[in-house]
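Look at the two complexes coming up: chain A is in both, with chain B in one and chain C in the other.
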Partner chain A sequence: MGFRSYLFKRLFYAIIVLFVILTFNFVLFRVMPGDPEKMIIDPNFTPEAKMELRRQYGLDDPIMTQYVNYLKSLLRFDLGLSFSTRRPVWTELKERLPNTLVLFVVTFIGTATMGISLGVYAAANRERFAERFVVGSGLFAHAVPGFFIQLLLLLLFGYYWPILPIHGTMSAPPPDGGFALFLDRLWHLILPAGSNVIIGFGSWALYTRNTMLEALSQDYIITARAKGIAKGDILYHHALRSVLPPIVTLIFMSLPGAVSGAVITESIFSWHGVGRYLLDATLKMDYPAAQGAFYLIALSVIISNLLADIAYGLVDPRIRVGAGGQG
Partner chain B sequence: MRTSQKTSQRLEAARAAASTAPKPLTFWEQYKRKPQGMIGLGIVLVYVLVAIFAPIIAPYDPMNDLYLADSIAAPAWMSKLGGKYQGLPPTLRFSLGYDEWKIEKAQGVDISPWKQDTVDGIEITIPATAKEPEETTEVSEAEDNPWIGSFKWDPFGSDNDSNESMEVAPTGEALESRQDTEFNYSFNYLYKKPQTFSASFRYDIDAPSDATTLMGLELITPSGKVFSLWETRARGRVAAARALADARDLDLKTRLGISFFDEPTDVVFAEQGDYTIRLRANTESSTEPVTIRLQPVEFTVFGMVHGLLGTDHLGSDLWSQLVYGTRIALAIGLSAAFIAVVIGTSVGLVAGYLGGMVDEVLMRIVDVLLAVPTMPILIILGALFGKSIFNVVILLALFSWMGIARIVRAQTLSLKERTFVEAAKSSGAGSGYIMLSHILPNTVPLIFANLVLRIPSAILTEASLSFLGLGDPRVPTWGRILQNSRQFGGFTKMAWWWLLPPGLALTFLSLAFVFIGNSVNEILNPRHRERS
Partner chain C sequence: MRKRVHLLIALVLALSLALGVVAMPVAAAVEFNDWGPRVDEIIMPVIKEQTARRIAFERGESVVWSGLTQPADIDQAKSLDFADMRMTLGFHMFYLCFNMREAPLDNIALRQAVAHAVDRDNIIRTLFKGYMLPMTSFVPQASAFYNDDVPTYPFSLEEAARVLDEAGYKLDATGKNRIDPNTGNLLPEMKLLTPTYEVAPTSAELGKMIAESAQKIGLPIVPEPMDFNVMLDKIDMQDFDMYVLAWSLTRNPTHLVNFFHSKNDVEAGYNNPGIRNTKLDELLNRLDMAPDLKTARFAADAAQLVLAQEMPYVPLYSRPYIDAFRKDMVGGYVDMAGYGAANSKNPWTPLNIHRVDEAGNPVEGGTIRWALSEEPDNLNPAVASSAYAWDVLDKLFGELITMHPETLEDMPWMAKKWDVGIWEPAPGREGTTITWYLNEGMKWSDGVPFTAEDVKFTIDFLKDNKVPRYLNYTSDIVKVELIDDYTVTVYFDTVSYWHLYNASLAFLPKHIWKDVTDYKTFEPWNEPHPTMEGYTKLVGHGPFVFKEYRPGEYVRLVKNPYYWRANP
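After this line comes the complex of A and B, so read on.
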């Protein structure tokens, strides 16, 4: 099986997943809990308006027609109007998406840099404090509730020593000038992104260390060592190069988890992003908004999964050859 | 002979070794050697004990005992440590009935304990004043608040004597002949001023329609200043009335003559020493005696420090919430993990053993579910199906069995090629029988390790959901405590005692389970030992 067919299989598979999630979404919001009208039409409308909206939304059509229309509208990113703001959901999501992406990218760069470098350092300096620190922080990342760490940091740096902004993406009247605004935004990023890095770097460091150790025990490293190559060269040229592929894969694999974490981070730090939008909409029973936000999140997760599969296939030839084996 | 001696020695040594060594260590014997695992087990044991004995350990009901102290009261022990919490008052609560009061009867007044159902009250019978009608009209001139009319609030206590004189019955001839009947209760107050206090009681007045009954509640400070908290001037009968004075009410503020923005406690509780609560009663009745029935006066100074861990925004005991939260956390973790393991094991067994189309379909379902972003879907489903603990457990289980299914399937794939399965098959055993009695027992250790590792993640996910406001509102979970602290001012008041305990409880519990899971894994998959 060539790489192309592997790619096609993955793509096909991603589309299937998307399809399943969309169908699930459709069923969930329209059919499952009682009257679809309550889900789609605001209960505060007058009966005439309700009738009109029923017609507009095609709620009187047969269910299959509704389903096809629903899929069509999602493809056009027509996500309906929010109950609470009466604005198109997609417009609202578009406003928030950049904020979420900025937070994600900064978090990601911080976590990856810190995690990978610490992991490599720990693998190079075994039985020292560095290694114990990495193993400990990996355990920490696994066992400590992330939102608790974030709340703690918020309490410390937002209230006990109020040195960092506690909510929002920028100051209330944003400062004038491009550079000042940039600094202000950066200032607001410190707490959410920093706490995300603190929560997340441990598992990256542990993973990097483990793969590094595995690579260092391979025959070609022993050969290189026997040849008298300097320790640093072995570490950075031989070992690190061979562990980069799995780490690249990890990068993409961590995306879905990051999306889940975004909901909590954004709600703790009142970040004007997609995750908080989903939560607020859900709690407010603003169904079109919740559905739209979920669609966007699911789409991004599926795309990142697909990217992970592709990256995995690119860096590991064995996957291309023996694909479809044991999960 | 030297050589034969040596061989015999060797033989003996070998025999001895054979008799002691070969018995393989049981799982428990291996586990006992893992300090990490034993620490984890110890911690979990503590949590389990706390959960079982929660009603004994927790002094209050976590959900229903409200207003035990002021909102966001600090832990009681912090008032002993100095600093900004030094000397803050704990909750003082007096229920003043017949036995508590020191009674000063006016002439002719009859006072006796009075019981109705569970209430211990006081019955006061005041004889008729028997005055001529024209004199009662005189009284009506001074009718408007006889006490407050002559009462001057003197915040600096410059003249104690004048205050004393004001306690005496108001002007008006009808009452001149009789003193007020007074009920006094003194208590020692040696703290800084509180934020709120309240006094309330119920009363009935049985009187002829032309009678006027005067009642008042006062607080007398150590330096002798008298503050009127409440008073009434009732005509005729009054049934089931309630007297209420609350420091948060505007009523009391106007009565004390302070502005809307001032705190009554600033003036009332400015001193330390012996305070006196005084209830007074008197009547003007021309014809018949008046009977007043008082239920106990509930006087409360809401504490600014309380219990082991203070209170939340509703004055509910945080220590009790924490203790009962242990129950919920363990119950959720265990049940969600158990359901997930049952689903995962069944799917894995069936997919692995039957193979073919069944395997393909089941594994694709696993893949799809793994691709679904868990937190968003849990948020949406949690809100749609209603915030109940049962729903949360089911949802947690439904979105966490996939990993177990994959592992069990892989194990089943290798097990079904073994000879004992072949043997069972050739002797005519059915698929169900083989799966249950030959393959399942061999996956038990694996399942156990996964069960242990699933528990903390179920607990943490539930805590996150509760924290986001999707938990069961009727259940005191740790996540809900954290959410309350975020939502209701725990941060602005820097109430660390509201945030830290549930967070640390969560942390240690999940850490303990991770310790146990890691140790179990190390024993079952020795390869792990080299890696971490």
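After this line comes the complex of A and C, so read on.
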């Protein structure tokens, strides 16, 4: 099997999965208890007003009509109007997506850099204090609930030692000038992204350390040592390279978490992002908003999986070659 | 009226002291100016996390910490030297509802016995550290329509047991369960629905406390915490025995019609207990269609009396509004009965609030920061539905009539006076007419004159487009007639004192909105104003004008240069 057919096969599966997800996405919200107009608990909202709202929402159409309209709209990337804000869902997502991406990218770079380096460092210092410290702190950060660490940091740097901003992505109002604004945004990233790194580095460090230890016990490493290759070269050019494929998978598979995992961080630090939007939409039974956000997450999961497959195929020829074939 | 308010404030004070709570300051006589605003700019940062809001208040990044409900937050605010705590009664009601459609809760004695088994004082003391006001009637104490002369059901398990015994609900041989005299069998288990502990811990615990108390007199009531959506669904489908929930009400008692008239025992209606009482219906009809205040008051009093006997709900408690202000940074905020000092429905605080210097003297102008607890997702006044959007919008728009902050009586505002009349929408039928006489010389925030034409346009626009949020206001309006630039008459096809408030819609500037084709998607705050550079089409006639909204970050309002009450 050639790389091209491998890719097409993956693409075909991705489209099928997307269709199934979209259908589930539609059905799920309609079988859930509750109704958007039932969420309005306002004595001034008469039964007639509620019926009018249902009509405007399109909820009085037959379910199949709603489903067909939903699919048609998604193909045009028209996610509809949010029930609660009456604004186009895509406009609302576009407002939030950059913030979520910025937070994710910074978090991701920080977590991956810190996690992988500490993992390698721990593996290179087997049974020393350094390894115990990395493993201990990694396990601690991994085990303590994320929101607890975040609230603790919020109190520490927002209240007891008030040196960092505690909400938003910028000052209100922000400073004038591009560079000043850039610094201001960076300043506001410290707590949310920093806390995410503290919460997340543990699993990366432990994973890297474990795979590195396994790699360091392999015959080719012993051979390399016997050949007198420098310790650093063995560590980074031989051992680390061999554990890259699973780490690359981990990297891509963590991408979807950027949106879904951002719910808590975005809530605690009043970060205007997609995660919080998804939570609010679900709680308010705002079908179009929740469907739109889930659609975005589904797309990101599928694309991430696809990228992981491709990357895995690139870094490990055995994957793309398949049984007996040539890449 | 004023005496009543003072009595009620004294009641809150007495309650707090009786419960061992150190009472916070409650204004004796409210002082306020009817002109303003006295600050140049309000910046409203969006701070969603409650700990962060507390920190922002303590760091001086918000001059107010509003809507305090958690005892821990209230205690924390009270401990701060610079915090000025304000407390007013609220139009809030937390209640226990029975499903009266089916046995055994169709029996009045059973409902009255449960009412006797509810220990409100203990609930308030245990769950809320005393920061709630026990309720015995169906209109909150803050309302001028509150009737305190109704039968009450003081907590007494002995009395509850006596009521049950007299009604024939005898205990079985074990002495633990009661027998239904109508079936001869043990009373069936009755479920009390509450939200889950995760979502609403106090409501869930409260349900448990009521159930445990009822079990002591042999009533098999069991608490059933559940997902809030599922609970709402069950209530809507009338698939429940009892539930606990809260209402946010207004100063008018028309909610009694929505909640207890048999015509509202329908799908999507609010008569959830399913009460159908002919005498009550008659009284509620009189209340709904009262031609004057006197009739409305009589009907509301009488309806509360019937309800207190029928007990479709057990009113449990009313939550006061508690807000903390930074007294070292601002002054002039105004307590408003029923709404609180920082609530968006209080028009007086935005008008009167001012900065203070180190000695506490007023400083005119400048900027204050006022945190929002959620983002105001839509600032189109025709569709905005969240309280957070109205936290902003209410500062941008004025009203034809307003309320006195202490007595809540109607006050002329943008309308200098009004006439209430009668006309004949059809032969032999009467309808109300409201004629508004507007002040002359008022302007929208872009300098265009505000006239009767705008009042007519607003009502016609909302009615023609069947805007759901305003359907309740516009459904009885037949037509709007312009008399001259400053006089306009609104015609209703029914007679009701409450039409005065239904006719007071006047927030759409015709010169902006006449070109709007789809009101649902119109985003006035995102469209530049056609003539005023740096401003948007979100044009109002309130003390402030909208300047900027960075989604999720902050809203910026500046002093309206054309505000009609800018000077004393």
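In this text, the second predicted complex is superposed on the first by the 273 of 327 C-alpha atoms of A that agree within 3 Å, B and C clash if a C-alpha of one lies under 4 Å from a C-alpha of the other, contacts with A are read in each partner's own complex, and residues count from 1 in each chain.
Quick note on the criterion: contacts are C-beta pairs under 8 Å (C-beta built on N, C-alpha and C of every residue); 3 or more make two chains touch, one makes a residue touch a chain.
As the structure is a computational prediction, the values presented were derived from the model and not from experiment.
Novice: Which of the two partners, first being chain B and second being chain C, lies in contact with A:Met64: first, second, both, or neither?
Specialist: In the superposed model, A:Met64 contacts neither chain B nor chain C.
Novice: Touch check for A:Tyr159: first (chain B), second (chain C), both, or neither?
Specialist: both
Novice: Looking at A:Met285 after the superposition, I want to know if it touches chain B, chain C, both of them or none. Which is it: first, second, both, neither?
Specialist: Both partners.
Novice: Could you look at A:Glu52 and tell me whether it touches chain B, chain C, both or neither (first, second, both, neither)?
Specialist: A:Glu52 sits against chain C, while chain B stays out of touch.
Novice: When the two structures are overlaid on chain A, which partner does A:Ile264 contact: first (chain B), second (chain C), both, or neither?
Specialist: first
Novice: Output check: A:Leu151 vs chain B and chain C. Expected answer is one of first, second, both, neither. What do you get?
Specialist: After superposing on A, A:Leu151 lies in contact with both chain B and chain C.
Novice: When the two structures are overlaid on chain A, which partner does A:Leu28 contact: first (chain B), second (chain C), both, or neither?
Specialist: first
Novice: State whether A:Val20 touches chain B only (first), chain C only (second), both chains, or neither.
Specialist: Only chain B; A:Val20 stays clear of chain C.
Novice: Report for A:Phe294: first if it touches chain B alone, second if chain C alone, otherwise both or neither.
Specialist: first
Novice: With the touch criterion stated at the top, can you tell me which chain A residues are shared between the chain B interface and the chain C interface?
Specialist: 32-33, 151, 154-155, 158-159, 166, 267-268, 285
Novice: Spell out the residues on chain B that touch chain A in their complex, using ranges where they run on.
Specialist: Residues 363-364, 366-368, 371-377, 379-381, 383-385, 406, 409-410, 413, 456, 460, 463-464, 467-470, 482, 485-486, 491-492, 494, 496, 499-500, 503, 506-507, 510-511, 513-514, 531-532 of chain B touch chain A in their complex.
Novice: Give every residue of chain A touching chain C within the complex, in rising order.
Specialist: 32-35, 37-53, 56, 81-82, 84-88, 92, 95-96, 99, 151, 154-155, 158-159, 162, 166-170, 172-174, 267-273, 276, 285
Novice: Going by the contact rule set out above, which residues of chain C touch chain A in the complex?
Specialist: 43, 45-49, 51-52, 55-56, 58-59, 227, 229-230, 232-233, 236, 245, 247-250, 254-255, 258-259, 264, 266-270, 369, 375, 377-378, 380, 383, 385-386, 466, 468-469, 471-472, 475, 520-521, 523, 548, 550-554, 556
Novice: Going by the contact rule set out above, which residues of chain A touch chain B in the complex?
Specialist: Residues of chain A touching chain B: 13, 16-17, 20-21, 28, 32-33, 135, 139, 142-145, 147-148, 151-152, 154-155, 158-160, 166, 206, 210, 213-214, 256, 259-261, 263-264, 267-268, 275, 278-279, 282-283, 285, 290, 293-294, 297-298, 301-302, 305, 326-327.
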